Amino acid sequence: MAVLSMGIFSSLIGSMSTDFAIKLASSAIEKGHKVNLWLSGNAVGLVKKSQKHLKDYSTGEKHLIDLMQKGVEICTCEACTYARGIQKADAIEGVQWNAMHWYLAKIHSSDRVLQIGGE
Amino acid sequence: MAVLSMGIFSSLIGSMSTDFAIKLASSAIEKGHKVNLWLSGNAVGLVKKSQKHLKDYSTGEKHLIDLMQKGVEICTCEACTYARGIQKADAIEGVQWNAMHWYLAKIHSSDRVLQIGGE
Amino acid sequence: MKLAVFVSDYRLNVDTLDRLTSAKLGIILVQNGVYHATLKENGKPSSLLGKNADYYVLMDDLETRGLGSATIDDNIKVISYGDIVDLIFNEYEKTAWL
Amino acid sequence: MKLAVFVSDYRLNVDTLDRLTSAKLGIILVQNGVYHATLKENGKPSSLLGKNADYYVLMDDLETRGLGSATIDDNIKVISYGDIVDLIFNEYEKTAWL
Amino acid sequence: MADKKLAFIVQRTPYKSENPKLALTHAISYQTVEILLEDGDTVTPTVCLVGDGVIACLKDQKAMETYGITSTEMHLKSALLVDLDVMVCKEDLDRFGISESMIVLDAEDMGADKKIQIVPFASIVETIKNANHVLFF
Amino acid sequence: MADKKLAFIVQRTPYKSENPKLALTHAISYQTVEILLEDGDTVTPTVCLVGDGVIACLKDQKAMETYGITSTEMHLKSALLVDLDVMVCKEDLDRFGISESMIVLDAEDMGADKKIQIVPFASIVETIKNANHVLFF
């Protein structure tokens, strides 16, 4: 078992980066690895609960819940999330809220890091 | 007096497109024009209320309220907004919720249209 | 056709503008598009500036990026948000955003 | 250094990859990066494919874009999400995302 | 009583930003716009795929099977189904070596009469010129 | 007890996406990471501006005055203030014709000892090679 930490910085809908990260996390878990997901920038919209799954749009809520049930730690950047008007009470349960140093601390104990940046 | 309709499709924070649209709308109003703003795609995050104005991040709430008070009509794409987990109860008061045809109808009666697309 | 084209980025991944023909063309540099007015890569001005068009650049967006006192070519007019409103309504009929 | 570079877009606005040197380089085409494996602009394969690297392309992302049955060059290995996991942990030490 | 012609210009690859898809869904919404218009008023959109935007019409997109979302191909077919004019730039298809056999040409399977129109760039410029408003995505 | 070296690579212009700024703020957060680490463990980030990323260090950015948000210049200065190594690629500055007089070189006004390091691209490659993990933005 090894540890992978991923940073996601893109919006839930649009670039397909969150879809990618969710599938990759799921595959890593299936292979017995440990996964940490850090959400920052526009990716923090992903933690809003009550996402309506319309077939024209990527969706995150059910996937995040599924990953957390499988032991994935997911944390959202507090400041980024508050800036977008999303409060803890609005968020999917089980998602951690912390400052950016959470990501650095997870990286410290990770074997591999995949920072999904880009535009 | 003439009518300008703008479509905003970018996230509140990141590209500076919403900052641009808000300032342009404000200037058009000052010059006596009528402005309509249509929010779709990632721009719908803009309607979430309780945005915390941290100085590192662009903010939209106070500007939207200010524009609406000056007579700007603002409408968010229903499906896009629900897909992101934002309900009417979560939204800034006064923002209209409608389907995409709202934008086309406003365009019909507009003198000028500025569709802010890009990436 | 009188077309006002907003250029909002420095790296443009579209070539539509290169191929469009318009009786009257205005190019308004906003957001990161303002770098076209100031940066010279390998000593050369941006190829965007070589068109038969009227050029404008938004002062607020120059200032935001540390370019408030940069030298701007004479054929590029430095404008305000209010000027953009006037251009859209008085000088052009349609707009494009790149 | 053993570096796995994820190329996630078709129009790359960065040249970092062109300048990086690495003892072992893997280029994994994902998302719109998969177009590099299939599109030939003006008859030419993507310049991205001319490096001294091992190439991979993600099947799910080919299929998403209507390229599930496209002809892929022999030097590009079509892989799954599970394969990416194995590559990251077993073949490379660091990752880059372009 | 007036008809307003709108040109929706898709210039970028699908699946990187939501915009190419939103161009199509917004154009498609013309079908129901009359409920918000005065009697006799109409809106007529034309969708134009140019530059990297032509890649959107590759057929057999399996986005639903892989990621559970509607493909851009399906949105193009929906546009044909509601009788929209959809133009694809011939020069750009040629540039990418994309032949007619590789792309969506119609939505006959959904019962649509309209077909994709492969046209020279000059026709797209004409569409832009004849439009009351242009929306670049 | 271990130190982990991280390289933060900023390759794109500021103000187009949030990422160049977030690269800086994430690197800066190393200052408080010890509360989440075992005693003696540390994280040492280095920030590298390459390609279009070097544009971020132009000085006199007035983002606060124009749009009410912290400028990227200010984030760079904050990075120096917390003693981060910040490297800027010399070849890219030269390519854009950006001279030292046009960029942020230090944050002396805020009391920082660290200065911006203008280095050849080869030094940035070395930093990447010596890092335990690399984060491309």
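Note that the chains are named A, B, C, D, E and F in the order they appear, and that numbering of residues resets to 1 at the start of each chain.
The rule is short, and it goes like this: a contact is a pair of C-beta atoms (placed from the backbone, for glycine too) under 8 Å apart; a residue touches a chain by one contact, two chains touch by 3 or more.
Since this is a predicted model, take the numbers as computed values, not measurements.
Q: Under the document's definition of touching, what chains do chain A and chain E have as common neighbours?
A: B, D
Q: Specify the chain most distant from chain B by Cα centroid.
A: Result for the farthest chain: D.
Q: Name whichever of B-C and C-E has more C-beta pairs touching across its two chains.
A: B-C
Q: On a C-alpha centroid basis, what's the spacing between chain C and chain D, in Å?
A: Distance between chain centres, rounded to whole Å: 35 Å.
Q: CA centre of chain B versus CA centre of chain E: separation in Å?
A: It comes to 24 Å between the two C-alpha centres.
Q: Residues of chain E touching 2+ other chains?
A: Within chain E, residues 12, 15-18, 25, 52, 67, 133-134, 136 contact more than one other chain.
Q: Among the residues of chain C, which are close enough to touch at least two other chains?
A: 9, 11, 13, 31, 60-61, 64, 94-95, 97-98
Q: Where does chain A touch two or more other chains at once, residue-wise?
A: Each of 13-16, 23, 41-42, 56-57, 59, 112-113, 115, 117-119 in chain A touches at least two other chains.
Q: What chain-chain pairs meet the touch criterion?
A: Inter-chain contacts occur between A-B, A-D, A-E, A-F, B-C, B-E, B-F, C-D, C-E, C-F, D-E, D-F.
Q: What residues of chain B sit close enough to touch chain C in their complex?
A: Going by the criterion above, the answer is residues 2, 4, 15-17, 20, 23-24, 26-28, 30-31, 33, 111-119.
Q: Within the complex, which stretch of chain C touches chain F?
A: So the residues of chain C in touch with chain F come to 9-11, 31-32, 35, 39-43, 60-61, 63-69.
Q: Where on chain F is chain C touching in the complex?
A: It comes out as residues 13-16, 52, 55, 58-63, 65-67, 71, 73, 95-97, 102.
Q: Where on chain E is chain C touching in the complex?
A: Spelled out, the residues of chain E in touch with chain C are 9, 11-12, 50-52, 121, 125, 128-129, 131, 133-134, 136.
Q: Going by the contact rule at the top, pick out the chain D residues touching chain C in the complex.
A: Going by the criterion above, the answer is residues 11, 13.
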